[in-house]
Amino acid sequence: MEKSKIIEVKDLVFCYPDGTKAIEDISIDFYDGEFIAFIGTNGCGKTTFSKCLNGILKATSGTIKVNGIDVVHTKDCTELVKNIGYVFQNPDHQLFNNNIYDEIAYAPRNLRIPEDEVKQRVTEAAAIAGVTPEVFEEHPFFQVKGIRQRIAIASILSLRPKVIIVDEPTTGQDYKQSIEVMEFLKMLNEKHGHTIIIITHEMDIVAEYAKRVVVMTGGRVLSEGSVQEVFAQTELLEKANIKPPQVTRLAQRLESVGFDNNIISPEKMFEQWRQLAKQPVGK
Amino acid sequence: MEQTRKMQRTIIGYIPAESPMYALHPVARLILFLATGLLPLFIEAPEYNVLFIIIIFFMLKYSHVNLSRLKIFLPMMITVGIIINLTYFFFPINTEEGLIIFSIGRFNAHFHSFMWAMSIYIRIIALLLASIFYFSTNRERDILVGFRTLGFPFIVSYFFGLILRSAGIFLEDYAIIREAEQARGLDVRNLSFGGKVKHFSMYLVPLFTLSIRKCEDISIGLFSKGTELSGKVDGKKRPDYLKHKMKLQRTDKWIIATIIAASLAVVYFDLVVDSFSLENAWLYRTLRHTWFNL
Amino acid sequence: MNAIEIKDLIWRYEGRETPALKGINLEIEENQFIGVIGPNEAGKTSLVAAIKGIIPENYNGIYKGDVKLFGKLNRDSSPRELARTVGMVFADPDAQFTSMSVEEEISFGLENIGCDVEEIGKRLEWVCKLTNIEGLLEKPPYDLSGGQKQRVAIASIIAMKPKIIILDEPTSMLDPISKDMVFDLLRIMKEQLNLTVIVVEHNVEKLVELADKLILVHDGQIEKYGATETFFDDLDFISEKSIRVPGAIKFMHMVNASRNKGEHSPIQLEEIEKTVKGYLKGDE
C-alpha cells in the first residue's frame, strides 16, 4: 500500500543563535498515519528537530514540508499549526488560561474560528483526552500532573492537527499513567488517524507502541526502521546510548539456544519458549 | 557534538566565546568598567568624551564583541539625543550671553544650551557604550567574583547571585511560554498594540505561578546544600573557591594601577585645574568662533 | 548501626485533608542500597523529604513522630549538619540549580560545609570525571539539556560526600546508557565510600540489578519492605500497585508458571539466562 508523505525533510541544518549546531544534516520522510518514536543520546537534538518540524524554530538551511506547506518559509503560522502540533515536555509551560475550557479553546480562538465551532471542538477534544466537562471551570494549574498533561494534549487536539508531536510524555509518570497516556496516543493514531511522533528515553514504551523508530545522535539520524529492525542492531544502538528493552536483551543472550534476537515483548518471548521447550517433548 | 559555538548566552545577551578580555581578572574588568563609565561624567568637554567613545569602540572590536548587535541600541541613542536637545531648546540655560544659533517662533536655540546638551548627550553615550562593553564581555559569575574580590560581603553577592538566577529562570520560562503560544497558532505580529498589552498580561499568570513554584524549589535546594546565611563556617571564614581560583596576575595589577592613576589624574585636572570644563573645550571655542566670531 | 530510623511518622501538608504520610515506621541499616517504588502521589517524595529534613523545615503542615539519622533527631540538626550527613538530588534538576555556572554550583555546597579551597578543587576534578561533565564546568544552567542538568545535580551532591545520598527520580530524563552510568556510579560510591543510597524510581529494571532492598510506598504507607531477591515473588501484587514489572522477570514468571513446579523465579538477567538455558537442557 502506497502511503502519502505527510512530512518531508531535506538537508535540514539548525544552529542556535549562539552558534551551537544542534541539527547537522537530516533528510527523512514521514508518512500519514505512522506512529514514530525519536530516541537518542541526551542533547542529540530530538527536541530541536521536532521544534523545527512545526516551525517554532526556523531551520538555518534545508527544507521541511508538512502536508505540502513549506515550514521554513511560510509566513502563515495558522495554516501550519492546523497541520502539526507540538506538546511540550513540561505541561506547565503551555497552560496559561484561567480555566480548562479557555485553555482548550485558546488555539481555535487564535485561528478566529466562530465560537459555536470552538465549543464543538473543545467538547470533542476534551472527550477524546478524557477531560470531563465538570472540571471545565477549574484552573488547569492545580490539577495533578497526569491531568495537566492531558489538558495540554487536548489544547493541541482542538486544532485537529494531522501530526502531533509529544515530547517525553511519560517522564515521571508511574506505570498506570504512562500506559494511559500511551493508550490515548495510540487511540488517536488508530481511531482518529493522527500521525503521532513521541520523543522518549523509555525503550519499553517504544517497543510496545511505536511502529517506526528514528535513532538520532549528534544532530543526525543514525538509523531508522521498524522497532524489531532497530532493536536488533545492538552495536549501532550503543553509539546512540541506547539499550534495547530488557526482554530483547534477554532474547539476544539466548540467541544461541534458539531465540530470535528481535523479540520485543515478554508474551512473544514466552510463545517462543513454548515452542523451544515443547520440541523435545514432541520427539 | 563538535564545538561550533561562537558566542555564549548570558541573561542580558551574548558574549563572545573567546576574547582576549577573558585573560583579565574580573576585578580588573570591573574597574575598567567603572573608569570608562564614570570618568566621562567628570568631563564636560565633548572632544575628550568622543575620544573615550572611540577607545571603547576599539576595545569592543578587540574583544571580539559582535558589533552588529549594537544596532538594537541605535533607536534608543537617537531618541535620547532628540529628547535632550529638545529639552534644552525649550528650557535653555545661561541665556544672558544672547548667542542664538537660530529661532523658531519665539523660541531661540541658544549656543550655550546647545553645547551643554551635546556635552551631556555624549557623556550618556559613553556611559551606555561602557556598560554594553562590560556586559558583552562579562558573564554573571565574572560580575559576582568582581564584586566579591572588591570586598563585598558574602551575603550581598549571594543575594545578587540569587536575583540573577531568578531573572534567568523567569526569562527562560517566558521564552518557552512564547514558543508554546506560537505552537497554538498565536501570531503576535497580527495583534494590535492593545491586543499585545492584553496578551502580555495573560503571560503573567503562569509566569508568576511558575516563578513562585520555582523559588520555593530553589529555597529547598539551598537548604539541602546546607546554606546558612553567614560569612562564617564553623567560626572560620567561608571559603571562596572561585575567588581563590581566579587570582590577580601581574598584568591585572598593572592595569588596575594604571586605571586608578589615570582616573585620579582626570579628577585632579578636572577639579583643580579645570581643564575639562565646557567653556574651555576646544570644540566649544572653535564653534563659538566660527558662528559668532567671538 | 542504623543509618535511618523513622518512628510513627505522620505528615500532612497544610491545606490537605488526608496526610501524605500515614504512620511510617522504617529502619535502614548503614551501607545499604535502597530502592523506593510506588505509584504517583503515593508519598515517595514526601518520605525522602522527611528523611532529609526538608519536611518539616521547608513546608507547612502537621508533623508527628521522629526521624533519626545515625541516632540523632534530624529536626535538631542545623542545615549544615544535615548537609554533611545526607544529600538529596531532586526530580526537577532546574529546581536545585542555584548558581550561574556548573563550577559554582558544585563548589557552592562544598563552601557551605566548609571545605578548604584546595580540597574543593580536588573534589571538583574527581566528581566531574566520575559523572562525565568535565566539558560543562563553565556553562550556565540555561545552556544545558535536561539530561546534562540532572548529571550536574548529582555531581554537586556527590561532591559533598554525605553519608546518606537520596535521589528522587534522578535519571528520568537521561538516555538509557547514561542512566546505567549513574546507577553504576552509585553502586561504586556505596561500596567505596561506605554510603547509604536511597533511590526513588519508577524504572524498576535498574533497581532490581543494584538494590539490596526495596520499599513499596502506597497511599502514604509502606506497603512492602524487603530484599530485592524475593520482592517480585508475588507479581500480581506488585503490578496492582502500578509498578512496571521488567519484561524479563515477567517472562521468567510465565515460564515457571507454565512448568508448574513451584520453582523460584530469579530476577537478575544473567540468572534468568542461566535458568532458561538450564531448563532447555534439562528438558532434552
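By written order: A, B and C. Residues from 1 in each chain.
One rule holds for everything that comes next: contacts are C-beta pairs under 8 Å (C-beta built on N, C-alpha and C of every residue); 3 or more make two chains touch, one makes a residue touch a chain.
It should be emphasised that the depicted structure is a prediction, and the values quoted were computed from it without experimental measurement.
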A student comparing A-B to A-C should find more C-beta pairs in contact for A-C
Of the other chains, whose C-alpha centre is the longest way from the centre of chain A? B
Chain centres from averaged Cα atoms put chain A and chain B apart, in whole Å, by 45
Centroid distance [mean C-alpha coordinates] between chain C and chain A, Å: 29
Listed in rising order, chain A residues that touch 2 or more other chains are 18, 43
Check: chain B positions touching at least 2 other chains come out as 8-9
List, in ascending order, every residue of chain C touching at least 2 other chains. 143
Contact footprint of chain C on chain A as seen in their complex: 18, 39-43, 47, 89, 144-146, 168, 171-178, 201-204, 238, 240-243, 245-247, 249-250, 253-254, 257-258, 265-267, 269-270, 273-274, 276-277, 280-281
Residues of chain B touching chain A in the complex: 1-2, 4-9, 14, 17, 173, 176-177, 179-187, 202-203, 205-206, 209-210
Can you list the residues on chain C that touch chain B in the complex? 52, 54, 57-58, 78-84, 87-88, 90, 92, 94-101, 103-104, 107-117, 120-121, 124, 140-143, 156, 160
Touching residues on chain B, where the partner in the complex is chain C: 8-10, 139-141, 144, 161-162, 164-165, 168-169, 172, 214, 216-228, 233-234, 236, 238-242, 244-245
As the complex stands, chain A meets chain B at residues 15-22, 43-44, 51, 54-56, 77-78, 81-82, 85-86, 88, 90, 92-98, 106-107, 110-111, 141, 155-156, 159, 218-219
